[in-house]
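When the chains are written out, they are named A, B, C, D, E and F in that same order, and each has its own residue count from 1.
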Amino acid sequence: MNRSSRVSRWVLLGYCVYLVLPLYWLLTMALRSNADIAGTFELLPSNPTFANFAEILTNPVWYQGFVNSLSYVVLNTLISVSVALPAAYVFSRYRFLGDRQLFFWLLTNRMAPPAVFLLPFFQLYSSIGLFDTPLAVALAHCLFTVPLSVWILEGFMSGVPTEIDDMARIDGHSFWFFFTRIFLPINRSAIGVTVFFCFMFSWVELLLARTLTGSEAKPIVVVMTRTVSASGMDWGVLAAAGVFTVLPGILVVWFVRQHLVKGFALGRV
Amino acid sequence: MGDCALVNSIVRGITGVFIVVGLVACGQTSDEASAPSISAQAYAANAERWVDSEFQPSTLTRDEQLAELAWFNTAAEPFRGMSINVVSETLTTHQYESETLAQAFYEITGIRVNHDLIQEGDVIEKLQTQMQSGENIFDAYVNDSDLIGTHSRYGYVVALSDFMSGEGADVTSPTLDLDDFIGLSFTTGPDGKVYQLPDQQFANLYWFRHDWFSDPELKEQFAARYGYPLGVPVNWSAYEDIAEFFSVHVKEIDGQRVYGHMDYGKKDPSLGWRFTDAWLSMAGAGDQGIPNGLPVDEWGIRAEQCRPVGSSVSRGGATNAPAAVYALQKYIDWLKAYAPEQAPGMTFSEAGPVPAQGQIAQQIFWYTTFTADMIKPDLPVVNADGTPKWRMAPSPHGPYWEEGMKLGYQDTGAWTLLSSTPLDRRKAAWLYAQFVTSKTVSLKKTLVGLTPFRDSDIRSQAMTDMAPKLGGLVEFYRSPARTAWTPTGTNVPDYPKLAQLWWANVANAVSGQVSAQAAMDSLAQQQDRVLERLQQHGTLGECGPRLNEERDAEYWFSQPGAPKPALDNEKPQGETVDYETLLSSWTAQDAEMAQ
Amino acid sequence: MARIRLDNVGFTYPGADAATLAPLSMDISHGEAFSLLGASGAGKTTLLNLLSGILQPTQGRIFLDDVDVTGLPGRDRNLSQVFQFPVLYQSMTVRENLAFPLTTRGSRRNRADIEARVNAVADELNIGGILKRSAKGISLFEKQLVAIGRALIRPDVSMVLLDEPLTAVEPSVKWRLRQTLKQAQQDLGVTMVYVTHDQTEALTFAERVAVLANGYILQTGTPDDVYQNPAHEFVGHFLGSPGMNFLPVADLPESLQQRVTGMGDPERLGFRPENAALGLPNTFDLPGVVHSQRILGTQRGEVISMYGLQCGAHSVFVRSSMPLAVGDPVTIDLKRWIGFRDAIRVGRRGAE
Amino acid sequence: MNWMAWTAPTGLFFAVIASALLFLILLELKRPTAVAKGWLPMATTRGDRFFVSLLGAAFIHLFWLSLTDWPVLYASGLAMLWLVAVMAKG
Amino acid sequence: MAQNRVKDNRAWIGVLPVLLIVAFSGVIPLMTVVNYSVQDILDFNTRFFVGLEWYRETLDDPRFVDAFLRQIGFSAAVLIVEIPLGIIVARGMPTDGLRASLLLVLLATPLLIPWNVVGAIWQIYARPDIGLLGVTLNELGIAFNYTSEPLHAWLTLLAMDIWHWTSLVALLAFAGLTSVPAACYQAAELDGASKWQVFRFVELPRLKGVLVIAVLLRLMDSFMIYTEPFVLTGGGPGNTTTFLSQYLATMAVGQFDLGPAAAFSIIYFLFILLFSWLFYTSVMRDEDRS
Amino acid sequence: MLRMDRACLDGDEATAFDHSFAPGEMTVVLGGNLSGKTNLCRLLAGLPTQAHGDVSYDEQPWSHLPPQQRSVAAVFQAFVNYPNWTVAQNIASPLVARGLTPEVQEQKICALAQSLGIGDLLERNPDELSGGQQQRLAIARALAQQADVLVLDEPLVNLDYKLREALVVELKTLLAETRATVIYTSSDPRDAFALGDQVLLLERNQKLQSGTPLQVYQNPSNLAAAHLMSDPGVNLLPASEHTERGERRAVRPEHVRLGAETAPQSDTELRFDMQVHSVERSGDETFLHGNVCDPQSPQAMEHWVVRRLGMQPVDAGQAVALYVRCADILTLAVE
């Protein structure tokens, strides 16, 4: 395929450089002391220090933040994918009362400006006793991840011929067997893509996560805010934490990359 | 059948998830598991161990300390095994509490405390959320006493005076010694009740490079140019001259660019603090009367009895009075003319450490929270022997300022208990609050965090020993002058709603989009609108706002006190005072007081 | 319009052991309708891609009108292509689709010329009525017609490549499209190379047919020639429905063997189902037993069938109007046959 | 549910919307809608028209509030007219 | 949605979990916000009905109108830059191999950084005294200072948003491009189409579906942008980068002035809904016609 | 016996018809595009479709049974296999559903795979197979079910013609071994002859005719039926040759003789003149396409196709004389 013209390859190269430079800056910041960061301009850190990383690795609060974040991200991903799968399936296979309206309505939920919804969210989850639990954050993030998951999965599933469903029925398989053993494995790339998107959203979101947690379930993004204090800004630790927060994401992408490429190739996303 | 290949990936995924969930679970339970039950004897032993290993020095004797801890142990008995959550902003002092004192408290009383540290804004947000919703989020908060006007009016906060003699009498330490807390007046409402328990305290002061100020060559140059000696500026004219002197005329010292002024101006909530803390009162916008000026306070809000009646000049307030406009204008002018190019883009947190880099000659509005970070060895502002090259001194005042007015900001982070917190948790939290402020630990805590809050600690030998390294901190706290440094007062009926108005309006003026006058007019108007809404609903009781009728500005200008009419000359002759003279006058006053 | 000459052109995928296309030479003349016939995987798409410039040959040269175009990309070879599934510009109308190749390449013709050409081609293909429609809103059949129209639109196109263009079309209209295509080829006189796996399409469309198998061209010739005189057993088998029957000479009756030996000493005899006659059992002809019957239709009131016959270990098909039932013994009289040795034709016999 | 801060007018508002939805669902089950083209620029179903009329009504109110100082009730009347126009002929 | 779907209302069972979960986390808060918007709320026991007063106040507030116009300007700029750039980047992407995987990871990285860190990175990165970008620009002779120059602040914000989000568009466009059959490119090449024509007539029509979603997502998200500009510029200098969300957040979580904030966000929500719906229907209408 | 009562393939009562499929035989359902073939298959299999009607098997009503509970197997036009399962697993699918032991499964898989020529591909995935192999796999899976009814919906239409030819022969043999009632849909009349014990003609969701292929071929009930059973379609005699209202006379392409072959027999034959505009030769056959004029009104032309054996020496542009035996002329109702 000759779609990548020379121009776009140069643009891609330029864009990659554009992407990498701030990331590089993040990394150098993580390797320098605060006085160094705020005081001088250096292309390469002249006095590299691992103190910032050490601070994060030794302080249990950071570790706990990671664990908390991971737990609600995983929960959110599980919930999103598991409720989106049947919904996407019926959207792709059936026409039913209000289906189109429902589909658009689902998407509109992404439009809610979070700031004002924070207090209702807080009230809602405290009234059912979920405040300060990973589940609360996971459920709240569902508002954003579920519609997207449904949309992505629906795109893929529409591409899977309905004859497969028919065939399975004729072969005598129960719906459950068909769905879990035949249909889902066919769509595993789609699930990979969906997982990526759920992970991406839930991992980086700050406002809801902050509002719905106290001290028990405090996520990493909220722990980060402690770097801003009345005695200055702890750039180095913030950057080191930033570096650490990127890592799980990169791991996820690396592991689902085959699915991503394949999934992107097949589906709507 | 071997359809494993495909199902495998899913199975593997799910297993992965369980591992993660398992890890999470372990992470959480391991905390519980590592908490062995502690017997009564063990508590006593623990107390001894902590006293010997950690809580030294102290203003108490070892026996007194142990007795105090024994009381905590007994009082905590009903709450043993409980786990409570408290929160405060990120500050060295609180870090010490969170990492060391909370552990000690647990080992001594059996109450587990999760002392959370978050950004200050987030503390307020959580506090607000709890107040608004009535849902318990944290069992106790450490927040600034600026909210005293809000706390005393809205009724969400437990009045400690009532609590200590009522519900909480059994958990109130007999050795608390309330009068020893230097910030107690800040946390006392207009009704005379104490609402919060001070936990750490800091002020904003004038900061300067003592080494440069005592450099004969520079002194000579300055005197030649301005006609008076280089020293600690007493008024803004002198500050302005010195700023100009360093930024424009000296420019370089030892080959390095230097500046005569440092400040910050990024549009950020912290820009509001810059103003609501003391700036207007330093310029002289309010009235005389410590702590905050009555009837008009440092925000320009006028109160009659305890009722706020307006902030616009037309209602008798001073938020947009000439003095306030002057204050804002000076802030902007200096920021642009004398501060480093980056300063207007910085927040409080970013700007704070800048003087430590050694390019700043003086800073009018410097928070003592940065002390700890400015005495680290190897800094350009620290001598080889570990003494600082800088000193702190009282801030200069503006032309509208009169004797007896607030001269700067001093605030105390104080323990706040909310009435929506269940009583037993509240009691346990109260125990913790008393523990971290108890005389047993307070001196040690003060030495770690340099935010003294007990008079007994300030006057201790340990502090005297420490004084040379702290650039005047100890001297300041020991001087009677410190009473001129106060937090936001009780005239402000709803701190959160009103404080947010400041930074947005100030930022508009900083960017040059509107004039200083227009910005303050708009601010005053918005403040009055908030007051008006509070008045409409009439829920704040006796001390709720009741706006004055609007009148011609001249009427108010002709009344005594604030708002004051514009001065013809806003730049009087500069005045300075020699630092050493200042110090000795403090010491003398202190000695006088002591007698 | 051009003459296409392939000079010893071959192609091997990088890293592959065997050549996808064995070196071959080929000559297609001006305005000729040429067909490449072969099963899937025979190499015909590779050959097509070599012609269209998507692939470059690993050896040999390609000439268009004696100009060496071997290294040139497709856009510079002045050719057009019709794909298996209709490829249209979805966002354009039918008219815009047709006019598109005339507006590219900077060779801006004036609008009246374009209009005239579009109308002419549309008339030729009978799609004048849908010119204003969106390319998305027409039937598959019409889409393929438009795709063909776009391939024919440039008057100066050197050749048109057709890659199984009838695949997507419903069987009942296939012949109509084929007709239209052939008509257009004759009227416009363009060189067309038609790639297909369907012998009917290849034979009915082309003036000459090249049969490909496993990367080799087995035979090139007129439809009549390749059908009647296959040069290779595969050609005989692949063409015709059912294909040629083959019997080892050794298994034939004595009398037949003797007749055969003079003709290049073949190993196997091939004959087509219509080139044999069935008769009652006798001693001269090849004996067989009916094992299947498939009715083909009637002729003059008689039912014509394709009979499957068992001749010893081999099965052959013969067309006949003789009424027979499964299990009936018959003899087969070969009217016309071809002898093969090592699968290559060595001789033939029968009515010309 | 105190935290949801219900008021009688908003309660009524949501009740009306909920019953309208319920009514539409029942109607849909009884007499399925067909895609039809009215004066709106696109073909719509009954559900689409309901959405358009609600969104339109909201914007009628917004513009009324921002452009005039007259009572909102007039805007509500206008919105009703719009609703009828869209539902019937949209 | 696929065309050959079977009509069966029992399919509702399948969407029920999604419906419940979204209704639970979406509808209940939305209703609450509507309730807030007609009241002055001091706390949950001290509320006063004020009718549509907050709506009127918000709509009459020049700060709202200004922020709204700025917001539209920013969202438009974001779309104008990111959509084409994303497409070009996607066109340059290799389709397989290690290089593709690495590129994918690199592209995804900015999407995986917490938003406050994104702001913090750029805050330092663009500083004219200690940041790579700022220093470089100043070395090039451009007096760059994003904290005092409104235009610079704007451009920095835009550059940050492009850095943060173009990958999303690129990934979506990449997905769309991989679905273009090779034959379409081949046909266009043989027709002599220029690179631009190939893009315009072959790729773009097939990218439409994913681009609709890319535009919708970017529109919605850029309309809601809060954390990053808050950290980077705080909305300054002055009000030049104060967008709706910042303004809203100040009201809602700073002042806890829930009534006006709720009215504000309902208006805001209605506008996004309107834009999205207009866009969605106008594009999907074309789809239906075919 | 498999029966359909009041079957409406498009959901419209007006088109309802009854049909009984001959037990144990193969019925080829012949119809063009959109004639309702696929709906018929889905109705029989119990799959969601707009078609409705009562289906019963051996007097046992099937209508309310889901596909899982009907003894029916199916092969579709598209190669439908489970892409995530290997060939062996695919074939095993119906056996797994029936809960057979692995050993039994193994045995059956091997047997079926061998007989369909995919025995050495068992460990491959379907996407590694060629089209023909994929469809063989689909057929193997259908056969594995050993159902009473086997529905084949245009199973060979997407295959190369030589493969198709081979599979038709194989299918015939394979299906002869089962005792299943087989329904095979197609649009090609040659399939009817090659495979069908019975044929059922469908047009626009309606039943046109049924019977053995030869019966239907020889006695088409109307014009549409004749068209369906002829490839290419029948040639209509010019309008002046009409017999009655609502009826047309027609002749099959293979029943038209060229003048050159033998002399005309004017008493039993009719003569037509055709302007040939194209000639197609497929080796054993020649197709002449052209227009036949109505001698009464020269404007009214009919397009004819003549199908003759062998290579005919006719060129495009030529005018030829055609002869049709009166006995070969079909008189057909137009409706």
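To be clear about the criterion, a residue touches a chain if its C-beta (ideal position, glycine included) is under 8 Å from a C-beta of that chain, and two chains touch if they have at least 3 such contacts.
What you see is a predicted model, and the numbers here were worked out from it, not measured in a lab.
Participant: Give the fewest steps needed to get from subunit C to subunit D, where each step moves from one chain to a chain it touches.
Facilitator: Between subunit C and subunit D, the shortest chain-hopping route counts 2.
Participant: Quick check: more C-beta contact pairs in A-B or C-E?
Facilitator: Greater number of contacting C-beta pairs: A-B.
Participant: How many angstrom between the C-alpha centroids of subunit E and subunit A?
Facilitator: So the centroids are 16 Å from each other.
Participant: Can you check how far apart subunit E and subunit F are, centre to centre, with Cα atoms defining each centre and the answer in Å?
Facilitator: Inter-chain centre distance comes to 55 Å.
Participant: Roughly how far is subunit D from subunit E, going centre to centre by Cα mean, in whole Å?
Facilitator: One centre to the other, that is 28 Å.
Participant: At what distance in angstrom does the C-alpha mean of subunit F lie from that of subunit A?
Facilitator: 53
Participant: Give me the residue numbers in subunit D that touch at least two other chains, ranges are fine.
Facilitator: 3-4, 29, 51, in rising order.
Participant: Using the touch rule from the top of the page, what residues of subunit E touch 2 or more other chains?
Facilitator: Subunit E, residues with two or more chain partners: 6, 8-9, 28, 32, 36, 41, 44-45, 129, 189, 253, 256, 258, 273, 277.
Participant: Which subunit B residues sit where two or more other chains touch them?
Facilitator: Where subunit B meets two or more other chains at a single residue, that happens at 3, 6, 132-133, 347.
Participant: Can you list the subunit A residues touching subunit E in their complex?
Facilitator: Of all residues in subunit A, those touching subunit E are 1-5, 7-13, 15-16, 18-26, 29, 37-41, 43, 79, 82-84, 86-87, 89-97, 99-100, 102-104, 106-121, 123-124, 139-140, 142-143, 146-147, 150-151, 154, 158, 162, 196, 199-200, 203-207, 220-221, 224-225, 235, 238-239, 241-242, 245-246, 248-250, 252-254, 257-258, 260-261, 263-269.
Participant: Which residues of subunit F touch subunit A once you look at their complex with the stated criterion?
Facilitator: Contact set of subunit F toward subunit A: 42, 45-47, 66-68, 72-74, 76, 78, 80-85, 93-94, 96-98, 141, 145.
Participant: Taking the complex as given, what residues does subunit D use to touch subunit A?
Facilitator: Checking each residue of subunit D against subunit A gives 3-4, 25, 28-29, 45, 47-48, 51.
Participant: Along subunit D, where are the residues that touch subunit E in the complex?
Facilitator: Going by the criterion above, the answer is residues 2-7, 9-10, 13-14, 29, 42-43, 51, 55, 58-59, 61-62, 65-66, 72.
Participant: Over in the complex, which subunit A residues touch subunit F? Could you list them?
Facilitator: 161, 163-164, 166-174, 177, 182, 185-186, 188
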